[in-house]
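We call the chains A, B, C, D, E, F and G, going by the order they appear; numbering starts again at 1 in every chain.
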Amino acid sequence: MVNIANPILLIAIPLLFAFLIAVLAPWLKKGVKYIPVIAFGLNLLVVFELIPDVLDNGIVIATTAGIKPPFAINVAVDRLSLFLVLIATLLGFLVSIYNLVYIKEEPAEKFHILFTLLVTGITWMIVTGDLFNMFVAFEVTSISAFGLVGFHRDKDAAEAGFKYLVMGSIGASLLLIGVVMLYAATGTLNMADIAEKIMRFTFKQKLLPYAFIFTGLGIEGALFPLNAWLPDAHPAAPSSVSSILSGIMTTAAIYGIIRVTVTIFNYYQVILFLILFGLLTLMFGETAAFFQKDIKRMLAYSTIGQTGLFFYAFSLGSINGMQGAFLQMMNHSLAKATLFLVVGGIIFSVGSRNIDDFAGIGRKMKLSAFLFAIAAFSLMGLPPFFGFWSKLKIIFATLERVNVYTIAFVVIVLFMSLIEAAYFFRVMQVMFFKEAKEEKEVREAPAWMLIPAITLVVIILVLSFYPTPVINFAHKAAADLVGRSVYINSVLGGL
Amino acid sequence: MSILNWIYLIIVSVGIILAVVRMIAGPDLTNRVIGLDVLTTITIALFVFFAMIFQRYIYIDVALVYGLLAFIGVLVIARFIERGF
Amino acid sequence: MVKIIIGYFLLYFGAAFLFLGAFGLIRLPDLYTRMQASTKSTTLGALSSVLGVGVLYPQWFVKCLVVALFILLTAPVSSSALMRAGYKTGVPLDKRTIVDKGKEFFGEGEKEETK
Amino acid sequence: MEKAGKFNRYIFAVIVLYVSWILLTATFRKDELIVGLIVSLLVAIGTYDYLSEYGLKHLSPKRLWYLAIYIPYYLWEMILANFDMAYRVLAPSMPIKPGIVEVHTDLKTDTGKLALANSITLTPGTLTIDVKDDTLLVHWIYVKEETVEGATREIGGRFEKFLKEIFG
Amino acid sequence: MIRKITYGIFLGIIVLSLILFFAAFPFGKNKMAVGKYYLKNDINQTGAANVVTAVTLDYRGFDTLGEVTVLFAAATGVAILFYVLEEDKKKRERQVYPNFVVRVGSRIIFPFILLFGSYIFIHGHLTPGGGFQGGSIIASGFLLLYLAYPGERVNRSKLSVVEGIAGITFAGLGLWGLFTQGNSFLFNFLPKGQLNMIFSAGILPIIYIAIGFKVASEFAGIVDDMMCEAVCSGGEK
Amino acid sequence: MDMSLGVLLATPFVGGILAYLGGKIHRWVRYTFAILFSLLAFIEIFFFYNTTVGNYVWGRLFGSVLVLQINPISWIFAFIVTGISFLVILFSINDVEGHKGLDFYYLELLFVEGAMLGITLAGDLITFFMFWELMSWTSYFLIIQGGKKSITAGYKYIIMSVIGAYSMFVAIAMVFGRAHSLVFKNVSMLLSQSSPAFVIWFFVLFGIGLFVKAAVMPLHTWLPDAHSEAPSPVSPLLSGVLIKMGAYGLTVLFYGFLSVQLIGKLAPTILPTPLLLYIVEWLAAISIVLATFLAILQEDAKRLLAYSSISQIGYVVLGIAMGSSLGIAGGLFHALNHAIFKSLLFFVIGGVIYRTGTRNMSELGGLIKKMPVSFIGALFGIVALSGVPPLNGFVSKWMIYEALLQKKEVFLLIMAFVGSTGAFLYLYRFIHSVFLGQLPEKYKDVKEVPFLMQLPIWILSALTIVFGIWPGLAMNVIAQGEKFLGITPIKYTLYGFPQGTAMSSLKVINISSVLIIAFIVVLALYLMLPKERFVSQYDTYAAGQVVTPETKYNYSYGFYMFFGRVINPIFKWSADKMYEAWARATKVFGDYMRRVYTGNLETYSSYIVVLITIVAFVLLIGGKLW
Amino acid sequence: MIYYIGAFLLIAIGLYAIIIKKNLIKILIGLDLIASGTNLLIVSIGYVKGGTAPIFSKGNILAKMMVDPVPQALTLTAIVIGASELALAAAFVVILYRHYGTLDIKKIRSLKW
């Protein structure tokens, strides 16, 4: 029996299946939509096989070409990556189920290819142990995303897609320039190797490559002021894609920043400076979300806000802060993905993205509305939902040291949470308590579109009432990350 | 012998400069493109020449690839000029 | 020694015509005449240059021949395409031009169709 | 000339491609020859239809013989053309009398017409702009004859007899 | 104007800082760390004469898989953007009259381009060429055909199948190495052969051939989409 | 015994879920479950009478344990929660019958009960805060079921609640940063060792959260809207119980986490009460007076009662903040009493609305003959509320007066009296406009409310007598609670207070003279005003409320119009308007902020360049970030 | 060093074009300039003074004399990626042109407030 607990399979399997779609599409026009489901189903198996290994050893490393790192590209899954890989794979699996019914427009098989590649690229970004490879994965992700954003081919999609593409390309180039600078400086591309070699560099020498990499990833990671493409692109994409984009893609980019900042650069001189980015992102995102009338745009801005929140928590630089960040990442991924999926179903039935047109949905699409509510509650951080625990942790971590700054930070975070609560409650009011103007025939979304959202909500609920294992896990992940040696030594010395 | 190579290079370089002048001067797109076309042909010759200078046989393959791509490029542009896409 | 003499002769012969082609590009009055100069001269120039290298390094001769054949085959095609494009988009002929049968050759209707 | 059958044309394509491969690799090493044959066989499958209409007929000894004569003649004409060109370009008076004329051809095959057009392009003072049916549109840098007949005689005549033999 | 000057200055500052950074790692200086290892171990580890190919396909083969994927995604994206319903396509098709010289010339050159492209990717492990270059050349051949015959289209289904199979070959070879041999993805499990022969460097030439096919079919697809867009919608505006 | 706390807490939640699911089968299954489980919770409460159960660990989070506990203080509030909730459910059955989404309604009702119970049972701050938040948003869903206007009211409510909760959250997080355990005991230990600044921060931030819930001015603005717009059965729950959670929190804050001594150490003690508590006392007193005046101005019966609640909770907070044994006892007792009589009054008016469909007092009148039981309930309610013997309100208010007297806080005493006197005015208006006077033609067929709606009225009316005559019943628990907090309880008997204690030495003369002063004040205000005045039909003055098209009031029937004229200037700066202005400013600012997202690609890419330029610049000037 | 500076200038000009130019095609050219500049930078980094291409052809060239093979491999990858990106970008431009009938980015504004 072959050992399938190899993180490379997480990439190889879906790629293989994506190519298979291309092969089978001419004959099985209708059937290829099941292929992503199979691919990510298999990936889920691999992830589940990986979990015990990572829990036992803290990290699982896989080589390519039979050559040890740093001489060949390696793949490494430590606790932090496992955390995100699990989410990415899960979302990939569930959303591809959603796509079975949701995607009716042609060319559907192309959509499924790009969708598979998108999720694969995200996974790839998370697991890779090589900086240039991360750039490649970043490109796999973003190019697939560009195509998917343009999928509807209408005015909005074209404009949003183009903007996204230009911004994304600039970001990719900046990332690449940063990576190249590091190569010029160290002669290597392996993350652990760079981390080792860059230790002798001064703060000043590290600053410029860091700035380039940070900016490059920050564009995809939706950090203010680099995130302006997002509120156009996320709504323009089909809802299932939006749920992946908002749910995990920005998170993956932020993960990249975290890796680079902590594991590679060990850059505590700037990490506190990043708080500014986190808070500004949070403020601008939530404020803008408050003014939206288009539900998907609102959710997209909310993604910016949430990203700001967990980036802020990460920037606190402490284990507790990072733990909070990871929890919030998870919460956001699950909840926001759910919201987009549900909203997709509602738009499917109502035929409008305007919040005001959702009046009375609470009665006609009971299940959808219920799922929306639970996910929104968790996103807002209402107790006893999971988001509450993560927000709690973030605030606790902030106030580990009480001073004027931390108090101010907390006030900002909470005030933004308040705004978030305000606009989500407004949507729910419309959905549940406003009577529809005219009686329209509105039916509940098809079962296959509900099942993924239900699954996610069940997960949210389980996490809400039984959060301890995840909380502990996040703590260990944060400790490993801050400790650095687990990662670096395992990659360079292990095997 | 290297002096011979240098002289060759100088003559060809003047040719390149003249071609570039036409590319810049225009006055219309077609005129610029014939500048480019000439440049392409000169470049192929230069590639082969450099293959000799640097003793890299494989540069000749590069010359071929370059020539091919430039050829198709000019055809594309010609078509573009004619039909404006 | 003979090899070197022939080789460099070919190289310089080529260089001269490469230069000439480019010079014609500058000196001649309109697109069509310039193209006359450039196509012929640079093709021959490149051909000669490449074969010169082939002579200097006989083990490369075959490969150089391939390049030469390639140039021979493609150069007229691209000039033809370019010239037609120039003509159809109305790039002006030099005032010394004495005859222009292009109009009747292409015909109005066809021009319409391709536009 | 009759259009050749598929297989005929395929074999022709294989041969031409294989020769090209050998030229490209410039070696008779066994591995290259084997791979070259495979590649030629494969590439020919997709392209024999484009390459020729008459297949192996192109390879008749008579045609090859004429081709062998034609090439040096052509090169010579080319060199002449260039000196002519050099003269026109460099002469201070710039002796040009440009014009666009039509040339008639008796060649029937596309390949033949193409060869004619290309030959005209690379030889003294003429450049083919386009070909339609049996008429070539030619830019002439020093127009001697404006009529179709005159131009045909002046420009195309020299090559046409060779090409008629080669591409018939 | 102020905007232009401002951003000019900003970009100047950025360029300055970049120069400052790279001043510490000057041009021409040997910066190799892993590079040395590759130059030293290439022949016995991969058997590829071209170290760049060894790096591209072996040491950093995983990158190349990603690169192929990027291209695949881009081609798919272009196909999505240019997707037109079959009826629309027919409606918009127009007769175009191409240059005779181009038409016939292209037809004759096309087979040789294919041959040349194949030559490039088959010798990828020996020469600077490779699957990408060879594939692009083949695709450029298709572009040439389009220029000659604007109204015709390649069979997209066949292209799709070719690109899929090529991709599966790449990823599949990687997995084969993982599952049957060295427990490492893209493990080079075939004999290394004799340097500078076609049959050398283990799986590298196979991968490059697969890449060649993949790149060719993808670029051809993109070309097809673009040209179709240009031809079909030519009369619209 | 430990587990039992968990069982107690789970009861309403389980009940809620069962009621929700049962409702899918048949409405009576729903009612059975709802009644059964709320009653069960109420019964379970008695097992904990006068006991202290500590630290039942029900979970762990971030290295801190989550615990449940119960002590006599929290028992009082748990008792109120479960008791009133049970009555509310009884009352609901007829009242909201036929409405949409009833399954959800009962689910929410029981969840609110559970959340409030959770607050009282919380033994650590995380649990406390969790249930606090749960209470806020579950009750929000109850409130917005009261019709169109209730949505706006609910929105205001939830926003204010969340602000308060977040403030509290910050305080909790501050403690967590230092103690890493949030069990109450550890919190108080930490605070006793912390710097004064830290304690003050904690006090203020935590206090704001509680004040919002307790509707202490100026954080009260959500209450009049929310309490009046909520569905009839929900109003008693809100006014009777929910705002008491603030009082409970204050008790825990003042005497659980801190102590009079500790608070005293925070600032120089030149006042009769530690400074922080003194400020709270004043806020409470201001609430008493201003809310009373506002209540007088109301046309809407439920709004009147809502303002009255603000005023009455002022007494509770005033008592608790006094720091003396008597004051705290008075405050806690008044909390219990207010729960009884205010719920009673809301049930009464709920019944009236149920029968007549209006709550506008000017449209009602003469219902005494048609609805005698309701009238009796109302009578008991207003008598108790005004603090007239022999009903319960008298005792607790008297305790508060006495405590103020003991401390010689004369101004506060006067204000407390003014509040009481004012209460006569609005309560008289209430009972007169609704039950006395002429019966409008259209209500001549009105009947008494059904039995299930009468039952709460009967029970609560009886309780006003019970606690009025036998205050010792309540004092028994309160004294235990004070002991638990480390305060020496005052002496008491079943019927009152024994000789020789503070309460027995009532200085009647002093109290009377203060009472007289209060009357003079009110009378003066009355006389200062012209008797007749032309009043616009649509006077848009709205007593500090948002003036929107929906909330335009018609004062042509103004009963206490003159009061409005007097206190108008005072409310020019109304807190509510301040919030409005602030919200508007935020909105404008936010609108500017979001314009960063221009939609222009060139702007977006220039952001990138600017960002890198800054870094490059920093590098060029020497790599110093600051 | 001149290669470096050339690369930086290409990148800077590309960014400048994206910010300043209004024509979609020019923006595309800007993108391509950035990519080209980056590629030039990568290749320049790999250059070792006096080094030759890292190919063990018949001349028995020593490994010592070779330039760094890694940047060349990276460039190869980066070029293909850049080309893919550009192809997609061009496709977007065509679609935009079809919808708006203009290449002026100022006039493409259905998503602007």
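Definition applied: contacts are C-beta pairs under 8 Å (C-beta built on N, C-alpha and C of every residue); 3 or more make two chains touch, one makes a residue touch a chain.
What you see is a predicted model, and the numbers here were worked out from it, not measured in a lab.
Engineer: What pair of chains is linked by the most C-beta contacts?
Structural biologist: Most contacting pair of chains: A-E.
Engineer: Taking each chain's centre as the mean of its CA atoms, which one is most distant from chain E?
Structural biologist: F
Engineer: Quick one: report the Å distance separating chain B from chain E, using the average Cα coordinate of each chain.
Structural biologist: Their C-alpha centroids are separated by 24 Å.
Engineer: Would you mind pulling out the distance in Å between where the CA atoms of chain A average out and where those of chain G do?
Structural biologist: Chain A and chain G have C-alpha centres separated by 28 Å.
Engineer: If you average the Cα atoms of chain D and of chain F to get two centres, how far apart are those centres in Å?
Structural biologist: 100
Engineer: Whole-Å distance, chain F centre to chain G centre, using C-alpha means?
Structural biologist: Roughly 66 Å, centre to centre.
Engineer: For chain E, give me the residues that contact two or more of the other chains.
Structural biologist: Residues 7, 11, 14, 17-18, 20-22, 25, 31-32, 34-35, 38, 60, 63, 66-67, 70, 73-74, 77-78, 81, 96, 99, 101-102, 105-106, 108, 116, 127-128 of chain E each touch two or more of the other chains.
Engineer: Quick check on chain F: which residues sit in contact with 2+ other chains?
Structural biologist: 597-599, 601, 605-606, 608-610, 612, 615-616, 619, in rising order.
Engineer: What positions in chain D touch 2 or more of the other chains?
Structural biologist: As it turns out, chain D has residues touching two or more other chains at 20, 24, 117-118, 128, 130, 132.
Engineer: In the complex, go through chain G and note every residue touching chain A.
Structural biologist: So the residues of chain G touching chain A come out as 11, 15, 18, 24, 27, 31, 34-35, 38, 41-42, 45, 70-71, 74, 77-78, 81, 84-85, 88-89, 92-93, 95-96, 99-100, 108-111.
Engineer: Along chain G, where are the residues that touch chain E in the complex?
Structural biologist: Listed in rising order, the residues of chain G that touch chain E are 1-5, 8-9, 11-12, 15-16, 19-20, 44-49, 53-58, 63-64, 66, 68-70, 72-74, 76-77, 79-81, 83-85, 87-88, 90-92, 94-95, 97-98, 101.
Engineer: Residues of chain F touching chain A in their complex?
Structural biologist: 59-62, 100-101, 126, 129-131, 133-134, 137, 140, 144-145, 151, 154-155, 158-159, 162-163, 166-167, 169-170, 173-174, 176-178, 198, 201, 590-591, 593-594, 596-599, 601, 603-605, 607-608, 610-612, 615-616, 618-619, 622-623, 625
Engineer: Tell me, which parts of chain C touch chain E in their complex?
Structural biologist: 73-74, 76-77, 80-81, 84, 110, 113-114
Engineer: Provide the residue numbers of chain E that touch chain F in the complex, in ascending order.
Structural biologist: Those in contact with chain F are residues 7, 10-11, 13-14, 16-18, 20-21.
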